[in-house]
Every structure is written in structure tokens, then in C-alpha cells.
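The letters A, B, C and D name the chains in turn, as written, and every chain counts its residues from 1.
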């Protein structure tokens, strides 16, 4: 069962700057000698640190306990000794405590034979508990604890369960690489989730460029007997967005969060598999290291807490002095000031830009060309919104839909006047006060 | 401009907001490319009408640039680099007849830049096309000077000095004028080039006779643009060449020009025949599309992003409205060929069109929730 | 002149704002509300139509027979003010909320000036009662059409960065001037050709 | 709603520049010739001052310092309209006698003086003012500014739009000055209604600039 669905409207096709061979195997990144593990790697409040300097920690040991509904557990990704707990600036305006661990001692898991645990006999509560305690959060970017998404009200069931295999950014291919290497595991995790939510319809959504993976998945599905459609979607950014995937599948217009549908990124599903079947906490993830200055861009499996600096060493180093380093992809990634920023659960990729690419182009006046209106997937009028915000008319802008903006970056990408529309819209949203979690 | 958080980090890394990719095209480049794509038509006009035409174009460009510089000094911001003043000057020049006294293009360019554009804060903020605003000002002020045509070819034949479209109106009111526009012109002694005579008669006798069809005299001249007229409007093929370039680079969107020309041609075909003493469906759509400044106006001025609607629904409404207005004003109006003034009229309605189309958009989004 | 001609002359050719310069005032904030704007438009057209009719009645039935022509101005001024007051009172009855929240008003000075202008034009033009009514209604529609266009333009300009000296009323006037030039395409010769041929 | 709110609704009373400009709009319609601007200014000036004077007399008899009741305000408003319209009618008659040609040129704009924004606002202000003498002086000042603005617009529009200056005809002088070659090919568009609106717009911008320079 394979069918194509198009983006309801808008979207852009950015130049594919992924310089990596998507087909190359995922390489294991070197274990960092010092891991810096922030307590804030998820949507809610930062986890409460449960270790202190001098403590010895084992690989996969709990070092931060979830604090509140949207918070998640944090585990040590390496064995060793806690050197210090310090404040770390993650990005503009956001900082959290981070545990600094110096590598030492033995690995409990890595390199040891792994035992599969049967999960069919476990209760829903046990399954959700395993996922929760492993600190699994949505790895596609939203970083909401996964057990919350899977906790369907008793007696109810979801209408739609989607395994989202579309990479969230144009030049990242970590999700693709994971799907190529672990189709069985992903399907198994999908089965677990289906047991939990009991959806009427289960769909595996793939990008058009991943058509080659369809036979492999069909075999895996046949083995397990899971009733699941495979849907191919156009590779137009931001097709990987959760709401867009759902509305493409439903054929409905865009609206707020879809009640009754559960969308899980394939990396998240793999983490669910590890948590349930392997009893392993989330301490590593696959990410893409790319960009012109990177000598050998590739997909890496990286332990959380590894500094970005180390990743480049695993990719043959930097061939040129980069002008800008971005955590994430080119459309939504956050530029970082220092290479010491660690990899966290949300890091789907690291992109380096050469000096010339990093220069911000000259800004011209808005000429009302309407390209931003054309590309906005959310039916907004970014040119009007940004002018309203600059005039201080935030309420008016909210009335015209500012709240629906997901900062996907299409408008600013397409703007011929190079107006930083997303930045202005984001400022407008922030100035209206922080939105309440949940 | 907007306060963006672009700053070099201590390690020499740039910190700028996402997205980190951008459009390769820039607004200034787009504007200069529009000017570039007008060059072939401008050169044709220069060759056809000689030195007077060059003088008109140079005057209007110089005045436009000077006016832009003056307002730059007043508002303390340098805006010449965006190319819009040059383009306005060029368009004003192209919309003038070659024989016009030079103060007319000068006044039109100055009015366009200072009143129509800079009073509103410069490029992107004006709601009326500066070049057309200037031209309409000139049309209203100096209507007779705006019809001082320059001769093409054999200047001793008086009719060769008037553009076909202008010659058509008196010819139509003469008794016994029946037929398609070019036929009426021929029977009233309108002068076409000898080249035209040779090519059309060869085509008629060698090829079209096989299909029992014939072309009226003047077809070749009209198509190639070997006729009197405003400097930039005469050569339809060269204008279309420039337009094709702009469309292919997505500098001009196709919706407005295409719906504009199509609506106009349809109306001219259906109703245009009445003026020639005939009934329905007998107008000369091709003649009317190729004569006057319709193509120049549709692609280079109606397609101007600043003064056309944002969304594509609005663009269609705008284009169809322009076609209707141009039809009415060309067949019944008094201001030239009706193109300049109908686009200016259309400009007046653009903010309202945008408002109505946008008021529609949130309603659509609400449908999804409900 | 035919009915169509009469309507076109009073709505487009001799537009109250663009060619008579009547009824111009800085935009009222209430007009942002689309429904209020529509209401105001309809009632303005009605006010102008009824006033023109009343003006005709006063002129031909009272002032002419009694040879009181010199009293025209006071009579018209008072009748327009009275009618505006009446219509507004009716609007308050029909939809009190709309009137209160939107700044809906039929008795503004500029509007009264425009209405009086219409009355003067129709009575001087020696039209019949029906023609006066139609002319008034047409003038009112033309007034509101231009008002709607200008409102949309100034709403677009409102959010732009514009030199401070020009913000607001000055640009509304300049925009109206440019629009007046554009509307000169609809002249009497155009009407004559279109309706005659 | 009391009729005294009428003015505050139509136009902000505390913004004299806006009142002046809104009042100028209908007046500018006749500013095609300098002479017409002069007659129009004269009409506005006379009607405004005389009706203000009448109103102060009336108001003095009626309100003895206390707050005006809505009914009194309504009566005052009606009185203002009656007075200004009768004075306007008188001005029309005078104009018809003194300068029939100007009367024709002013057309419907002469009776419109009765409901001119500036005239009504000034009448309203003077009838409320504690010291009528001062208010009348104030009104005269406003009338002078109005006349100057209208004259400026008239001169601009006639010189640029027609290349002439039309003044009073005197013995040995036709009343019209032709300005060099400009009268051959004037920018006729400036003498159209649109030109009047543009002049008003730039005048408004100029007024804003002057006001901001001098806080």
C-alpha cells in the first residue's frame, strides 16, 4: 500500500546542500573524554540533577530526574566521574545546569552482548513506565516526552498513528539512515505504540526520495503482521512537520493540533524500541554532520553530551575555517557561538557554513511581491505580520494568525529582499509573553 | 532596518537567526534585470525613431535619477542602488512619443519619483506605479504634446506619422468603414512599408491561398513593430523576449499579465467588432493586443510587484479587472490607448483587493477547525 | 440623459470626493470594522438620496412657488442636518451596539458638507424627483466606493515606515489626489461614447 | 446623543490643524484662480466672524457661566446652523451683486460655506469661550491663516496649472497676468481636482513639519 499525498499548500525546495552519501553506513562517533550533559534537553522544565561533583557514574545511570509533566529523565552517556555541575548557555536566552563527566571506568552496555526482552506480556502501565524512565522524548524537534503522546485515555483509542520518516530539514538525512539500517526495530516499536494507542489507521510516512526503502519495510511489516500503510510524500520542505503530515494524510485543511492522531518520528520510535526491548535509556542518537567546510560529511551515532567540536574530528576535521556553525539544519538550526556546545536529544544535525555562505545578505525594502504568502504552509501573510510587529501592533498580528507560525523559515528563505521575517515574527510572538507549557 | 541579531561570536562565528539559506535573487538585482530586459525594445525604438527618441529616454532617466538623489538627500538614505529610479525613468521614456518636447518626460519622471513614490517613503511603499503615475500626469497636462509622433520610414506620407491605433478612430467614424482594423486602415489609405506589402502578398499568394485565407496589409509591420508609436511599445517581439526572460526567472509572475492580456483580447474579439460596423465576435484581438502599449504595460507595469496584489487569487482578480478597464478605455475613453490609465485605476483597487482576499484567508483556516 | 448615464455621472465622473473635494476628513477609527463600514456606506447613500429628494421637494414645492429662492441655503442646510439626525436616531434604534462600538456617525461635519453639496448639485441641475433621488443614491455609492478604496490604501500605509510628516492625513490627501487623476479616465466624453454607441 | 457631540465626532475639536485642513478641502475646489480663492476666503472670513459675533450675543443672554445643559447645547447648535446659513445666503447675494462672474465660479461652494468645518468649529468655540472678545480675535487669526493657505494653494494651482494669475480687473489691467512661456504649456493637471488634493496633502505635511519643529 503506497500512495502519494501532497503538501496542502506552500513550502519551498531549498537547494539540497547535503554533501553526504545517504547510503553510507552510520559511523560510530568517538566516545568523548568529557561529556557535558545539560539537564534541559526537552520541552518542559529542566530535570533535577541527582549527582554531585565527585560522584562516580555508570553508563546509562540516571543523573537528572524529570521535574513536572513535560520534563524528562536524563542519563549519563558515559561511565566516569562527575567533575562539576555548571550553568551552560545552550542558545540565546536559554541556559540550564549541565553535568560535566570525565570518562573513566568500564562500559556496562557498549560492547556487551545484548538481550532482547519480551514485551508482549507487559501491561500498558509498564510499557509507558519503561518509555518514561528511559527519558524518551520526540526526537524530531518538538522534544515532548513520548509517553505523554502514547498515553491514551483508558477506553479510548487514537484515530491515526503515524511513523514520520521524513527528515525534518532538507540537508539532514539521519532519519533516512536510521530507517535504512533499522527497519525491523522501527516496525517493532510501531507495534508497541499501536498496542498502546490502538489506532484505527497506522501509517508509515516516507519522503519521495526514500522510495527505495519501501520493499524492506513491506517485508518487515509482513513479518510482524502489523496492518500499516506506507505513504510517500513529496520532498518539499517542511513536509516533515507533524501537522502537515497529518493533514496530508487526512486530506483536511490545516488547523491546530489534530485530536486523536499520534505522530512519532522514526528516531523516537527507535528510542522506544531501545527502551522497551533493550531496557536501554536514551543516551545516544544519530545525527548528520554536513556543510561545505566539513571534510567528510556523514551520519554519526553520537553519545549525548559530546561537544560539537569532537564531531568534526569524526568527519575528517574542518577543511576550511567555518563562518557559522549551526546546530540543526539550514532552515531552522540555531547558530552557536562556541564549539563546546554539547549534542543533546534534539540535535538532528550539525551544519557548518563557509565564510561566504555565512554572510547575511543586504536587506532591501519589502516590495510586496507576495512570495512569502505563496510559500507559507500556514496560510499567513508574513509581509503584513512583520510590518504589524515592527509598528508594535502585536495584538492585530495575533488576530491575523501570528500564533499559527511555526517558524519553519520558508518565508525568510524565499524573500528576495532578504528580510529576516522569521526572526521578526519570532520576536513578535515572544514579546506577547511566554506561552504556558501544556 | 530591522534589528537582527547578527553578530560575530568570540570565535569568529557568525550568529544569525534561521533560516541560514536565502533566495539567490535580490530585490535590487530583480529591478536591474527588469531594466535590462527592456533594453532590446528601447534599442529598437532608438533605431526606429532616431536621435529624438534617445534624447527623450536619456532625459527621463536623468531626471528620475536626479529626483531620487534629491529625495535621498532629504530623507538621508541612499536608494539609487535599488535600481527603481532608473527603471521608472526608463519606463517613462518608453511611454513617450519620440516627438514630445523634453519638458514632458522630465516632468513626468519627476512627478513619478517625487509625488507618487517618495512621498510614500520610497520603493515598496507606493501604491501607484511611479512611471505610470507620471505618464498619466503628463497625459492629463499635455495631451497634445503626448501625441507628437515621430515618422517611420517614408515621412512624406502623412499617415505614417500616426500610430495605427490612433489612425483607426477617425477612420472608423468615416462613412462606410466596415471590417477588421487593418482592413479599415488600408481602405483609408494608411501607409504601410513596402517591405510589408511584399511579404504579405508573398504569403497570401504562396502559402495562405492554399488554405483560402489571406492576411490584410500591414500585418507584418504591426507584428514586427515597424509602425509609429510610443518609443518602447512598438516592437512586440522584443518586448515579449524581455518578458519571457523575466517570467522564466520568476521576477514577474505570470498571473497578472496573462489574465490581463487574455481578458482584453477576449473582450476585443467579442465586442470589438461593433466599432467597425460589425457584430459579435468580429473584433481584431491580435491587432489590439499588438498595438498600443498593452504588452509593455501588462508585463512591465501591471506585473510590478509593489503595486499588484499579494496573493494569487488577488492577482487574477486584478488582471481580469485591468483587461476590462483597458477594453472600455481604449474603445470609449479619451486618454490615449487606455493602458496607462487603466493600470493606474487598477492600482487604486489593489489594497482593497488584498484586504478582501486576506479577510477570506483566516476564514478558510477556521473551517478546518470547525 | 439616461438613467445609467445619470448614475455614472454622479458616482464616477463627478465623484463627490475626487472631483468635488467634498466629504474629506481624516479616517475614523471605527471604519476598521468591515460590517460597520458597510452599514455606514449604505446609510450614507440613503442619506444622500433622501436629502436630494427632500431638497427637490423643498425647492419645487415651497421655495419656487413662494418666490423665496434666497432662502435656499438655510432651508437645505437645516433639512440635511435634520435628516442626518433622524437617520442616525433610526440607526441607533436598529443596532445600538454597532453604533456605539464603531464610531458610526452620519452627522459628521464633512459628511454633512458632502450631502449638502449633492443637494445643491441636484437642485441646480433641474432634475425630476425620481432623478434627484437616483442621483443622490448614486453620489452616495460613489462616495462610499472611493472611501472604501482610500480606507484600504491608508490601512496598507499605516503599517509602513513612512516619513513622519506624511503619515496619516497628508498621505490620505495625496492618495486621493492621485486617485482623482486616475478617475479622470471616466469623463463625459467616455460616457457619451459608451452609452451612445 | 446631543448635537453638541456632532463636532467632536466629525472632527477632533482639539486639533486645530485638522479642522483647518478639513475646512480647506471644499474651499480648495474653487482655488483654480487666485481671485476665486480670494473671494472664498472673504466669504469664509465674513461668515465665520459675523456668526461668531451673533452667537456670543446669544450665548451671553442665555448661559450665565453655568454648565450648558444638553438641551441648551442642542439649541445652540441649531442656532449656529441657522445663523451661519442665513449669513452665507446674504454673502451669496452680495457676491452676486458685486462680482457675478466670481459668483458663478464659486458655484455650489458659496452656499457650502454655511457648513464649512472651520466655520462651525469656530462658532462653537466662541459661543463657549469665557471671554468673547478674545475668542473673536482668535477666530480672526484662524480666518487669516485659512485665507493665507487658500491663497497659497490658489497661486500655486493657477501659476503651475494655467500659467496665469487672475486678480481684480482694474482700469488698464485685464486682471490676468500671464507668466512667460508657462502659459503656453502649463501642467494642466495641477488645475484639476486632483491637483487641489495634492496641494492640500503637501500643505498638510508642511503644517506637520512646522508643528514638530516648534513644540
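Miscellaneous remarks
As a working rule, a residue touches a chain if its C-beta (ideal position, glycine included) is under 8 Å from a C-beta of that chain, and two chains touch if they have at least 3 such contacts.
Quick caveat: nothing in here was measured; it's all calculated off a predicted structure.
Judged by contacting C-beta pairs, the busier of the interfaces B-D and A-C is B-D. As a whole-number value, the distance joining the C-alpha centres of subunit A and subunit D reads 69 Å.
We define each chain's centre as the mean of its Cα atoms; on that basis subunit B and subunit D are separated by 43 Å.
Averaged C-alpha coordinates put the centre of subunit A at 60 Å from the centre of subunit C. One finds 34 Å separating the Cα centroids of subunit B and subunit C. For subunit D, the set of residues touching two or more other chains reads 189, 192, 198, 201, 205.
Shown for subunit A are the residues in touch with two or more other chains, namely 384, 390. Shared interface positions of subunit B, defined as residues touching 2 or more other chains, are 115, 119, 124-125, 137, 140.
Across the whole structure, chains are in contact as follows: A-B, A-C, B-C, B-D, C-D. Taken in their complex, subunit B has these residues touching subunit A: 1-2, 4-6, 9-23, 25-28, 30, 82, 122-125, 253, 305-312, 315, 358, 361-362, 364-365, 367-369. In the complex of the two chains, the subunit C residues touching subunit B come out as 34, 148-149, 152-153, 155-157, 160-163, 166, 171, 174-175, 178-179, 181-185, 187, 189-190, 193-194, 197. Remark: subunit A residues 14-15, 17, 92, 247, 252-256, 321-326, 328, 330-339, 351, 353, 357-371, 373-374, 378-379, 381, 383-384, 386, 390, 400-401, 404, 407, 409, 412-420, 422-424, 426 touch subunit B in the complex.
Those residues of subunit A lying in contact with subunit C across their complex are 384, 387-388, 390-391, 393. Taken in their complex, subunit C has these residues touching subunit A: 158-161.
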